[in-house]
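Below you'll find the structures, each written out as structure tokens.
Consider the two complexes below, in which subunit A is the common component and subunit B and subunit C are the respective partners.
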Partner chain A sequence: MRLTQGTFSFLPDLSDAQIRAQIEYCLGRGWAVSVEYTDDPHPRNAYWDMFGMPMFDLKDAAGVMAEVDACRKTFPRHYVKVNAFDATPGWEALRLSFIVNRPPSEPGFGLEREEGAGRLQRYALRAYAASRPEGERY
Partner chain B sequence: MGKMDRAAPQASERYRAGVMKYAQMGYWDADYVPADTDVIALFRITPQEGVDPEEAAAAVAGESSTATWTVVWTDRLTACDRYRAKAYRVDPVPGTPGQYFAYIAYDLALFEPGSIANLTASIIGNVFGFKPLKALRLEDMRLPVAYVKTFDGPPTGIVVERERLDKFGRPLLGATVKPKLGLSGKNYGRVVYEALKGGLDFTKDDENINSQSFMHWRDRFLFCMEAVNRAQAAAGEVKGHYLNVTAATMEDMYERAEFARELGSNIIMIDLVIGYTAIQSMSKWSRRNDMILHLHRAGHSTYTRQKTHGVSFRVISKWMRLAGVDHIHAGTVVGKLEGDPNSVQGFYNVLREERNPVDLQRGLFFEQDWAGLRKVMPVASGGIHAGQMHQLLHYLGEDVVLQFGGGTIGHPMGIAAGATANRVALEAMVLARNEGRDIWNEGPQILEQAARSCTPLKQALDTWKDVTFDYASTDTPDFVPTATAA
Partner chain C sequence: MSAPESLPQDLTDLYRDSNVSSVLEALERELIGLAPVKTRVREIAALLLVEKLRRSVGLEAGAPSLHMSFTGNPGTGKTTVALRMAQMLHALGYSRKGHLVAVTRDDLVGQYIGHTAPKTKEVLKRSMGGVLFIDEAYYLYRPENERDYGQEAIEILLQVMENQREDLVVILAGYKDRMDRFFSSNPGMASRIAHHIDFPDYDEGELFAIAQLMLAKMQYRLDAGAEAALHEYIARRKAQPHFANARSIRNALDRARLRQANRLFEQRGARLTRDALMTITAPDIRASRVFEQKGETP
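And now, the complex of A and B:
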């Protein structure tokens, strides 16, 4: 399977030039860019690990690209995403979030069920990889 | 406009039994300066032949506040000057003889806090059938911050919805299951599964899917949630189906909403026809239960479309932001349903902005401060397809749900292929826009380029490339932009 979280996951993997263009777009709008990684891609996992702090004061896309590269080198078999945070009043949340690295193989998710009264089902999503300990999943 | 004799009569004269002109009863006051806390309504009035526009405006003010057709002495038992609405300004509608914009101010004390039912019972309660007017339309309202703060507003709002769904930086994608009536629960869920697995974020019940003999509501809910969960597992991404809980009674709606929650749905849906009070009740329920609340504007065109009569959709948008819905259908500009680009952008601004400046070109007559009230996600639905993606993004922006019903399900290679085509077209267009490309002019090339690595998109473009709905709009703004030196 292909994990389709993030803004551009239905497109072919972005080239470095494409990633850089998106970062420039974000910096141009005054957003703070950050890099996060995980090997637990459950869609409700809100807290991927931060690869350093959001780069609030960095205005140079080359600097952000260096962080992206460092994260991809450190965690080549993890999911890595670039986030852009907008502190504008009334927004104060992410404005863009896209995946820039993914594991070589993505086994996907199993759907577990528990039968309830009537025809009720309780569903749980489990990443096949997540049964192994953190850091050994992909 | 100064023809009428408006000298204030003595109280004994003023309250003598009999009839008198509304303007003379105190419902017209050209010198009135609205207070910051006043509710202001702007009506388009079409007086009968021979009726002075100021008297007509005063009559609307009277009938929508304290007046009846004759003088009553019991006015003198109240601070009646305060409770009377005041028409204070009448302007001819540009280029439309016989029609006038009437501005009417209402004291805040006239309205129950947090009640759309009460607000509307006054403002549109009695006046629309009033004989001295040929026609009447409520064009816009200014809602004072003091009144806005008495409403809870959207239970989720755009920002929190995006955080819950973990989807940022692009419009959301949806589709309404078709045919909208007649499918069994199992076949219906098939459409949901295919569309979500193919790449949509949401699928949707249509407005008239409730609990019919071909598919009872519990069956629909169970099969749809099976489909949602299967698709989430296939994509590793949050998905949802708007489960329409519209029913005959509040008790039935609560029962359906509770079942949706029990099944783990993240969103429910209601129709505008359930009424303002029911909408506010479901909003409060949604807030208590972490549910996104989708509103289908079923029935609105009966009173929003014609320019001389009814209530403008920009007013309905304001009421619904107060009442508290998270999604509302607000037009597509390019699709099969009524929607002038400027008017539709006016509706979107009402739903999505922190504060609306006066913008006559988009039909916004008042500055409106939303006082931190959450934002409503507009939904564009009806006759749109992947080939229009650049136009949709240009007109409607990023915080919108684009719903391709036929444009997903009608794809020659099936529903999942249709969904994939839409998603790829969308992501490619956002990517290109962010890269600084001119999507309005280069849109078709951007789509063609994306279609080279996506066969479903190529098929979608081939199938629908010539489909447009190019008819003149009925509900257009009355003000055109004035040319200014650049």
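And now, the complex of A and C:
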């Protein structure tokens, strides 16, 4: 099951040239771009790990692309995403966030049903990959 | 037999279309003297224009290495030329953004283990697409301390200079003798720098022309007495220690402006003209301490 998340979730994966163009757009607006990774695909997993510091004062996408490539090389079987934060209004807002790397195979999710009191039915999503410990998934 | 293939564009068109001509003209107009520097800048511009034309007909040679070292005494225009160089490289399409990031050792080298690499990388990322100008680059290498982190910064720099040549241009600047020592102890650095440009000191006529250019930019002018005084000032100042070429001239002019303002302030009450506000007179310059020590200094 192909996991989607963020700004371009409805599109096929972006090519490197497209990623670069998106980053150029972000930098042109003065946003700070950062790279994050995780191996927990659950949609409620909002806490991804930072790959280095967010990058401020960049003029050209080459610096971010180098960081994205370094992250892909370090974590080839993780999800990697690029975030763009806008601090220009005086507070930080996430303007853009999209996945730039995914594991070669994504086993998807299992739906777990739990019987509660009476006829209550609870549901839970469990990622098959997440049954193994962190770092050994995928 | 095929007729010689004609190119879709010739160099004249390309020169006109890219706004490199305006950058080169500005360089010619705003920088006095520096003949060897200007020659080299024009050579680089020509190389990049020809390279652009070659690419348009499918001849590939790879991006030429444009890392440079600027050596010369203080105040000879290294930073200014670096700024112009960044604009020119942008006009020629060699660098994508054409901004200049000026740093010194403090911006690259950290204070403890593991601090240097992120710091250097951050600076490199900021300068991608433009020009990284490292002032007084010889401070990066401190042979007297073998655990100095400068070496680490140099290694990261070298790696990026080699692998990401199309992303940034590195310009190292500093005094000639110290840079020579720096290069002889870092042969890897010396071999990756294609252009070594030496900035000569200005002679007195050039310094005077620079002074006039600065004054014109600030909308001041010298009267006849002040011109003579400034000639004399330059001759005297040049012989003194810590002479920093154009920078010393700028400081001298700033002090002359100060005295002029003070002089006008003291004659308040009298009606001022626009002309008086613009004019620097001989006493404004002759009040300098350079004129005080007559013949006393060895």
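By our rule, the second predicted complex is superposed on the first by the 132 of 138 C-alpha atoms of A that agree within 3 Å, B and C clash if a C-alpha of one lies under 4 Å from a C-alpha of the other, contacts with A are read in each partner's own complex, and residues count from 1 in each chain.
Note that in this section a residue touches a chain if its C-beta (ideal position, glycine included) is under 8 Å from a C-beta of that chain, and two chains touch if they have at least 3 such contacts.
Computed from a predicted model, the values in this text were never measured in an experiment.
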Checklist entry - Between subunit B (first) and subunit C (second), which, if any, makes contact with A:G30: first, second, both or neither? => result neither
Checklist entry - Thinking of the overlay built on chain A, is A:L58 touched by subunit B (first), by subunit C (second), by both, or by neither? => result second
Checklist entry - Now for A:L96: first (subunit B), second (subunit C), both, or neither, which partner does it touch? => result first
Next on the checklist: After the superposition on A, what does A:A66 contact: first (subunit B), second (subunit C), both or neither?
Outcome noted: second
Item to check | First (subunit B), second (subunit C), both or neither touched by A:L120 | outcome: first
Next on the checklist: Contact-wise, after the overlay, does A:G135 reach subunit B, subunit C, both or neither (first, second, both, neither)?
Outcome noted: neither
Item to check | Residue ranges of subunit A touching subunit C (in the complex, touch as defined) | outcome: 52-53, 55, 57-64, 66-67
Next on the checklist: Could you list, by residue number, the parts of subunit A that touch subunit B in their complex?
Outcome noted: 1, 3-5, 7-12, 14, 18, 21-22, 25, 41-44, 46, 83-84, 89-98, 108-111, 119-123, 125, 127
Next on the checklist: Using the touch definition from the top, list the residues of subunit C that touch subunit A in their complex.
Outcome noted: 96-97, 99, 118, 122, 124-130, 164, 167-168
Next on the checklist: Taking the touch rule as given, give the residues of subunit B at its contact with subunit A in the complex, in rising order.
Outcome noted: 159, 162-163, 166-170, 199, 222, 225-226, 229-230, 232-238, 262-264, 354, 372, 375, 420, 423-424, 427-428, 430-431, 434-436, 450, 453
